[in-house]
Amino acid sequence: MRKPDLELIQLTKRYGDTVAVDAIDLKIEAGSYCCLLGPSGCGKTSTLRMIAGHETVSGGDVVFGPANITDLPPAKRGTAMMFQSYALFPHLSCIDNVAFSLKMKGVDRAARRARAAEMLDLVAMAPYGERLPAQLSGGQQQRVALARALITEPQIVLLDEPLSALDPFLRTRMRVELKALQRRLGIIFVHVTHSQDEAMALADLAVIMKDGRIEQAGSPRELFNAPRTAFVAKFIGGHNVLQGPAGAFAVRADRLRLGRAAASPSAGPGLAAVVRSVEYQGTFVQLTLDGGAGSEITATLDEPTFDATPFQPGDPVAVSWSEADVHRLASAA
Amino acid sequence: MRKPDLELIQLTKRYGDTVAVDAIDLKIEAGSYCCLLGPSGCGKTSTLRMIAGHETVSGGDVVFGPANITDLPPAKRGTAMMFQSYALFPHLSCIDNVAFSLKMKGVDRAARRARAAEMLDLVAMAPYGERLPAQLSGGQQQRVALARALITEPQIVLLDEPLSALDPFLRTRMRVELKALQRRLGIIFVHVTHSQDEAMALADLAVIMKDGRIEQAGSPRELFNAPRTAFVAKFIGGHNVLQGPAGAFAVRADRLRLGRAAASPSAGPGLAAVVRSVEYQGTFVQLTLDGGAGSEITATLDEPTFDATPFQPGDPVAVSWSEADVHRLASAA
Amino acid sequence: MSHTARPTDAGGAPAAGASPAAPLAAAAPRAARPRGRHGWAPPAWLQAMPMGLVFALFFVLPLALVVVVSFWDYNDYEILPSFTFRSYTETFEGCYDQLPGLCTIFKTYVTTAELCFAVWAITLVIGFTISYFLAFHVRSLTMQIVLALLCTIPFWTSNVIRMISWIPLLGRNGLVNQALTHAGVVDAPLEWLLYSRFSVILAFVHLFTFFMVIPIFNSMVRIDRRLIEAAYDAGASGWQTLWNVVVPLCKPGIVIGSIFVVTIVMGDFVTVGVMGGQQIASAGKIIETRLNALQFPPAAANAVILLAATLLIITALTKVVDIRKEL
Amino acid sequence: MREGRSPAFYLLAAFFGLYVLFLYGPMIVIFVLSFQGPQGGMTFPMNGASVHWFAKLWEGGGIVDIGAAFWRSLELGLVVTLVTVVFSTLAGLAYRRKFRGQAVLFYVAIASLIVPSIVTSLGIALLFRLIDAAVKAGPDWMSGTYTTALGLFTSGLAAHLTWTLPFGLLIMFAIFNRFDGRLEEAARDLGATPWQGFRHVVLPLILPALIGVALFGFTLSWDEIARSSQAIGSDNTLPLQLQALTTTVTTPMIYALGTTTTGVSFVVIAIALLGIALLRARQKRHGSDAGKA
Amino acid sequence: SAEPKVLRYLGTAVNQSADIAKKVKEDTGITIEYVAVTTDDVTKRVITQPNSYDIVDTEYFALKKLVPAGNLKAMNGKKIKEYDNITPVITKCELPDGTKIGDQGTAPKKVMFVEGEHSTKFAPGMTEWATLIPTTYNADTLGIRPDLIKRPISSWAELLNPEFKGKAALLNIPSIGIMDAAMVVEATGQHKYADKGNMTKAEIDLTMKVLTDAKKSGQFRAFWKDFNESVNLMASGETVIQSMWSPAVTAVKSKGIPCVFQPLKEGYRSWATGFAVSKAVTGMKEDVAYEFVNWFLSGWAGAYLNRQGYYSAVLPTAKAAMEPYEWAFWMEGKPAEKDIHAPDGTLLEKAGNTRDGGSFDQRMGKVACWNAIMDENDYMVRKWNEFIAA
C-alpha cells in the first residue's frame, strides 16, 4: 500500500489579533523530506506545532492520508516533534530522556536503554548518557532532543531548527544522518531551518514562508533557478534583485562582473555602483555594493579574480551581467 | 588613554570531574572583535560565563586592563552578556526587557523607552515592543536578547551564539550592525559562533577551541591560510586533510581537480576515490568522496565544471591537486 | 507560560464546513470536534470534582445553614425560625448615630485590620527573606527539605502547650524580662511584653510566618537562575534584582501567602484571646463571645459579615495578581 | 568569581538562624521547664532540676487518656494528609485549564479559610445532626443500634479537610505557577498517556513541593482545635485532649509532655531522613533509574 | 450482663478524674469514657451534638439555655436513691439548718426542676423530675497574693482599686465577670442591685461603664477563663488579685506560693454543677446512667470532691466516707489535726492550719449571689463586646 501524504488545507493560526499562519495549503508527499524556510517570525514553528497537535488550529485542516487529524491528540497522530527550545525533561538523564517514549510503550529497561544508547551514538552523545540536561552545553542539549524525537519511529518527524546550535562539522554529519534515516524509514520529515545549505542538501520539497503565507514551494533547484518572487530570490540567497524597465528581475551574485569604473564598459547591460564592504569568505570574497538610491547589490568573486583587482570600500565600480543570466520576477518584494 | 585589554590567564572551569575549560591563556586587545569557535561542548559558553562572572572560576584569572576582575560581581565588571538561552524576563514586555539595564541605572521612563525602542529597531523588532517573550518566535526572542545586551554600552560585550536562530537575511544584516556597533564603540566584543562565515566576516581575532583548550588563535585569514593543526584545518572548513608520506597535510576543497577515473591521470599528486554523495549548493556543487580506508574527501566544484562532468554517487573518480596548494600540518586530529 | 494554561483557542472551531477542501469521507465532521485539545485527558472539572464535593458537602451546606440561621430570630434560650434582620441591625447598632465616633463593630474591625496589617507586613518580610535564603542559597534539595522540617517541627508540639510557655518567656518574671533587667537595659520589667498588642502580633508572627514561606518558596524555586544572572549582568544591584525580577516573578506566591495570613488573622480569636489577655477585640472574638453565650443567630450574622469583609480584601488582592491566570 | 559562598549567604543564614531561634523560643522554655524540680511551678525560676515530671507523665497519673488521643490524631492526620495531597494535586491540575465553576470553587476555598473555624465546625455538627435525625427516623434495621454518624473519620475528617484543602489548593497554584507546559507537550508527543505524562514528568518535578504540601497538611491537622471541637464526636483528638488537660493540670508535667512530643518528632524525622539517605546510597550503588515506576 | 456498661461522660477535665472512673469500674462495672473539653465547648456540644455523649457534667446557670434547647432529658427523682437527701442549698437555697441564703442570680433551685421528663419549662418548686442532679458546688471569692499585697483585704472593692493597676484579673465569662463587677459596684456603694444575677439594662450599662473605665485605665492584666489560667496568672505573679475558685488557690499554694482565698464582707458568688442525661439515651443505657448517678451520690465520690475543696451534694454519705479529722477541717472550719492531703497525695495544709473562709455554714451562709444568665443576656453580651473593644 502506498504510504499516506500529509496535507495542510487552509491551515490558519491566530494568537489574538496576530495571524501567525494565514490559510496555507501544502501537500507533502509520502516519504519526502520537506524543509520549511522563512524569516524569523514567519510562522514556521506555529505550523509545525499545529501538525504535531500542540497548538489548537484556528482554522483549516491537517489531513494525513485518508484521515483528518486536525482534532486528534498528539499521541494519536504518529508524529514526533523536536522542540525549538528542546523541552528536555530536567529530572531525567540523557539516556532516560531518549528512552522515554519506549518506556511509555512498556519496552523493558535493558532493551530501551540499549536502543537509546544507539540513538545517542548517532548524535555523537554516547559519552554523556548519564548526565542531566542542565549539565550539558547548548549543542549537546539540542542533540539529545533530536535523538529523543527520532527514537519513536513515527510516521512524521517534525524538526524545529534541529541543527542550529551545532558546529559545521557536526551539522554536516547530522545532516547526512538525517537524510539517511529519512530514506531508510521512507517517512515524511518536516524540518524547519534557516540555512539554505541545509535545505538544499536535504529537501525534496523546500517551502519558503513569509508573514504566515507560503511564498513558493518546490524542489531546491527549482527555487534557486526559478524564484517566483523577489522575496524568494533574495531569501534563497545568491541573487540580486534589480529593477529593469520591464519590472523586477534577478541576477545571481556569482554572475556579476565587476570592473574599475574608469575602465571601458563591458558588454551587456550593467550599472555603476560603489563598494560598501568587502567580506573575505575563504574560497571567495563577497562584496556589498551600493547601487544608488539605497539599492544594495551583492557580488561574489572567487579569490584569484578578486586578488587581480582588489576593490576597497569606497571604490566606484562598474557592474555588468549577461542577458542570459537575467531572471524575471512575478512581483517585487 | 589606551583602552584596556582583556586577558585570560590559565583560566579553568571544572564541573565536578568534567573539565570544561582547561587552563586557557588568551589576550584580547582593546577594541577588537573576538570570535570563539569550536565544536559543541568545547567550553565556549563556560568561558564566556566566567568572563561575565556568572560562573565561578575553578582556577586562573580574568584580567581586564590593570585590574584582576576574577572576583568581582557581574555588575562591577562592565560586561554585558547575551545568554545562549536568552534569559528574557518573562514578566516584562520586550521593550521593558531591553530597557531593563537603563531602568537599573535610574534613567527615566521616557528616555529609557526611547532608547530601547531604538535598539529594538536595530534588531528589526520595533513592532513587537509590547509583546511578552512568551508571545514571540524563537528568532524574535533571540533578537530581543541581543538588543538587551547591546543597550548597556558596556566595556565588554559577550554574545553567546547571538544569531543562530535567525534567517540568513537577518543574520547578515545583524552581522553588519554588530560590526558597525563594535567599531563605533571601540570596545571588546566576544562572540561565540558556529559559523565560519560569521567569524570570517566579523573577527579581528578568531579563537578555535577544542575540548576546553585553545587550538589556534589568530586573524581569520591567518587561520584559513595557515591552519596549524588538522583540527583547525577541518574546522575552519573548505580543507581536506590528507595523509602524505611526510605526515598530514591540508588541501583546500576548491583546489581539488576531479576527473573520470578512466581518463589519463592529470599532473601533480593525486589519489583515486569514489563519489559518495553530491550536494547541490546553489552557485557550486559539493561532492563527498570516499578516499578508501574510511577517509573522506570534500571537493567543491563550480556549476559549469560540474555540469561538464556530472558525477553520480558511486562513480569512481580521480582526485588531483597541485603541489602549491599543499599545506603541512603540525599534528593529525 | 505554559500552553496548557492558555484559554482554548477562541477561533478553535470556525465554520469549517466552509473549508473548500474538507474532502475526505473519513474526515470527522467538524461539529464533533471536541473543544480544545484536551478531550483525551480527564476533563478538568472531573479533576476538580473531589475537592468540589468536599467543599459542597462540608462547607457550603453548613455555611448555608449558618447563613439561614443568621436571619433567624432568637430569644434567651432558643433560635426562633422566623425571618428577621435583627442580628444584623443590632450588630451595626449606633454605627450611624455615633459618627464620627466608631461603633463597636467598626472599632473591632479597625483593631482587627490593624493587627492584620502588622502581622501581614512582618510575616511577609520575614517569610520572603527565609524563602529567599532557602531557594537561592541552599543548594541541595535534601538540605532544603531538612531546613523546612526544622521549621515545621515546633508546630508538632501542640499549640496549646506552646501558648502556655509564653508566660514564662514574656511574663513579668519571664526569661526576657529577667535577661533585660540583668543586663541593665530596663530597671522595671516590661509590662507590654505580654497581654498586649505586641504579644498578639508576636504570637501571630510566630505561628504564621511559615504560611508565607511555603507558597513564596514554591514560586521562588521555579525562577530560572539565568534570569537573576541576566539582571546582575544588566547592572542591577542585589536590591534592584530583588525588586525588579524576583518579586514580580514570585508575586503569586506572595499573594497566596498573604491570603493565608490575612484570612487566618481576620478570623482568629484564640491567639488574640490568649496573648491579648482576652482584652483585645477582634472580629473573631465577637463571634466567639456570642457563640459561648449560645446566641447563634448573631454569631452567624457576624460570621457572614466577616466573610464579606475578608472576601473584599482577597478580591482586591487577586485583582493585583490573578493567581489563577498566572499558572 | 571564585568558588565559595557570598557574604549575602552568611547574612541570610544568620537571619534564618535567628528565625529558627525565635521559632524554638517557646520550645526551649518548655524544654527547660520540663526539668523543674518536684516543687517547681510552670514559670521561672527553676526550683531544682529533676526528671520528676517525666516520671509523672510516664505513670500517666490521673490525666486524661493522651496515648489513645495521640494515635487517633496520628491516624486522622495521615488520612487528612493523603486526601489533601491527592485532591489538591488533582484540583491544581484542573486549574491549569478552564472549566466551569472555576471561579466559584476558588472563592469557596477562600471562604472556607475565612469563616471562623468554630462557625464551620458548628455548621458541620448541625449537618450531622440532621443526618442522625434522618437515619433515626428511618426503618428499624437502620436505626436499631445507631447512635450517630459523627465521628473521627466522618465529620472529623470533613472538618479537617475544609481547613487543609484550601491551603493545599492555593499552594498548588504556587507550585504550578509558570510550570513549563512544553515538557508535558513533549511527553504527550512521545506517546505518553495523560497518566504516564503525569506520572513520569509532572509528578517527579513537583514531588518535592508535594512533600511540602503533605508536611503542611499534616501540621495543620495535627494542631487543629477549633474545627474539631464541635465536629469530632465523642473521640477527642490530641490537641482537644491537651486543651482539656491544660485546664486542669497546673504542673510542669504539661511541659514534660511537650518535650516528649518534640523529642519523638525529632527522632521520627531523623529516622526518616536516615532511611532516605540509605535508600539513595543503595540506589546509587545499583545504578540509578530515575523515574522508574 | 451481655453488653458492657459504658457511659460517655462529657465535661471539663477539672471534674474528670481517673480515680473516680477507676472506683466506679470497681464498684459497679461501669466503664466511664471521659470526653474532656473546655467549659464553653460543654454547652456547645450539648446543643449541637446531643448524640456524642451520654451523660454531661455541667453548671446550673447554663440550664437556662440548655433545657429549652430540648437536648437533655430530665432525671426521675424516684430512681435516685439519695434524691431526698440532696443538700437544701441546692434544692431550696437554704442551709441544712434552715437558714436562707442569697438567691440572686440563677440559684439552682430556680432551674433544677421541671414538670415532666421531656418538659422544657422550669417548675417553680420541687418536683420529681430534675434537670441536673447536683454533684458539687462552691462559693467563689477573690484570691490574693498576701506576699505581694502586704495588707489585709476585706472587700470586693479592692478588685478595682487603682493600687493594683495592671495586676488584677477578671473571669472572662461575661455573665460571671459582670457579677464580679456588680459586687464591686455594690461594695463601693455606687448602686444597689435588686438582683445582681438579673440586671436591668440600665444596671448593665452602669456596671459595664465601671468595668470599661477600669479597663481603659489599665487595671486588668488579663481575663482568665480556665482553671489553669487563673492558677498561672497568680502563681507567676502576673496578677495579685482576681476572682478565683477555691481549688485554684489550693493549686497555687501547693507550689509553695502564698495565696489566700479571701473571705470578703460582701459575701461570695456561688455556683453548682451536676449531671444531666442526653435525650438520646434510652433503655439499657439509661439504666446505666442512673446506676452511675446513684453511685456518685453514695459517698465515695462526694468525699473525694470534698477533699479537693469542693462541697458534695449529699453531705451525710460523704461524711461517712471521710475521716473525722478531714471532715472537721474541710466542713467545720476547725484547725487540721493532721496534715491534710489531696486525693492524689499532695500535701495541702499542715496540721494546725484552718481553711480560708471557715466552715461550710460560714461559707455557704454568706453567699450573695449565684452564677447566672440574665433575662437581658443578649444585651449584656453585646455590651461585653463593646467593653472588650473599648
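Which chain is which? They are A, B, C, D and E, in the order written, and residues in each are numbered from 1.
The criterion applied here is as follows: a contact is a pair of C-beta atoms (placed from the backbone, for glycine too) under 8 Å apart; a residue touches a chain by one contact, two chains touch by 3 or more.
Which chain is which protein? Per UniProt: A, B = ABC transporter ATP-binding protein; C, D = ABC transporter permease.
Computed from a prediction, not measured in an experiment: that's the story for all the values here.
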Central chain of the complex, centres being mean CA coordinates: C
Contact-richer chain pair [A-D vs D-E]: D-E
Label of the chain whose CA centroid is most distant from the centroid of chain B: E
Centre-of-Cα separation between chain D and chain B, whole angstrom: 56
Cα-centroid distance, chain C relative to chain E, in whole angstrom: 40
Rounded Å distance between chain B and chain E, as computed from the means of their C-alpha atoms: 91
Approximate Å spacing (C-alpha centroids) for the pair chain A, chain B: 20
For chain E, residues contacting two or more additional chains: 44, 228, 232, 236
Residue numbers of chain D (touch at least two other chains): 42-43, 122, 126, 178, 180, 182, 185, 243, 246
Residues of chain A whose C-beta touches two or more other chains: 54, 73-75, 85
Residue ranges of chain E in contact with chain D within the complex: 8, 10, 12-14, 16-19, 33-39, 41, 44-45, 48-53, 226-228, 231-232, 235-236, 251, 255-257, 280, 344
For the chain A and chain B complex, residues of the former touching the latter: 15, 18, 37-41, 44-46, 84-85, 135-140, 142-143, 160-161, 164-171, 176, 194-197, 200-201, 220-221, 224, 234-238, 252-254, 277, 279-283, 300
Contacting residues of chain C [partner chain D, same complex]: 1-5, 7-8, 36, 38, 40-48, 50-52, 54-55, 57-63, 65-66, 126, 129-130, 132-134, 137, 141-142, 144-162, 164-169, 171, 173-175, 178, 206, 209, 211, 214-219, 221-222, 238, 249, 252-253, 256, 259-260, 263-264, 266-270, 284, 287-288, 291, 296, 299-300, 303, 306-307, 310-311, 314, 323-324, 326-327
Chain D residues touching chain A - in the complex, by the definition given at the top: 180, 182-183, 185-193, 196, 200-201, 204-205, 288-292
Partner chain C, residues of chain E touching it in the complex: 40, 43-44, 47, 64-65, 67-69, 166, 172-175, 215, 220-225, 228, 232, 236-238, 373, 375, 377-378, 381-382, 384-386, 388-390
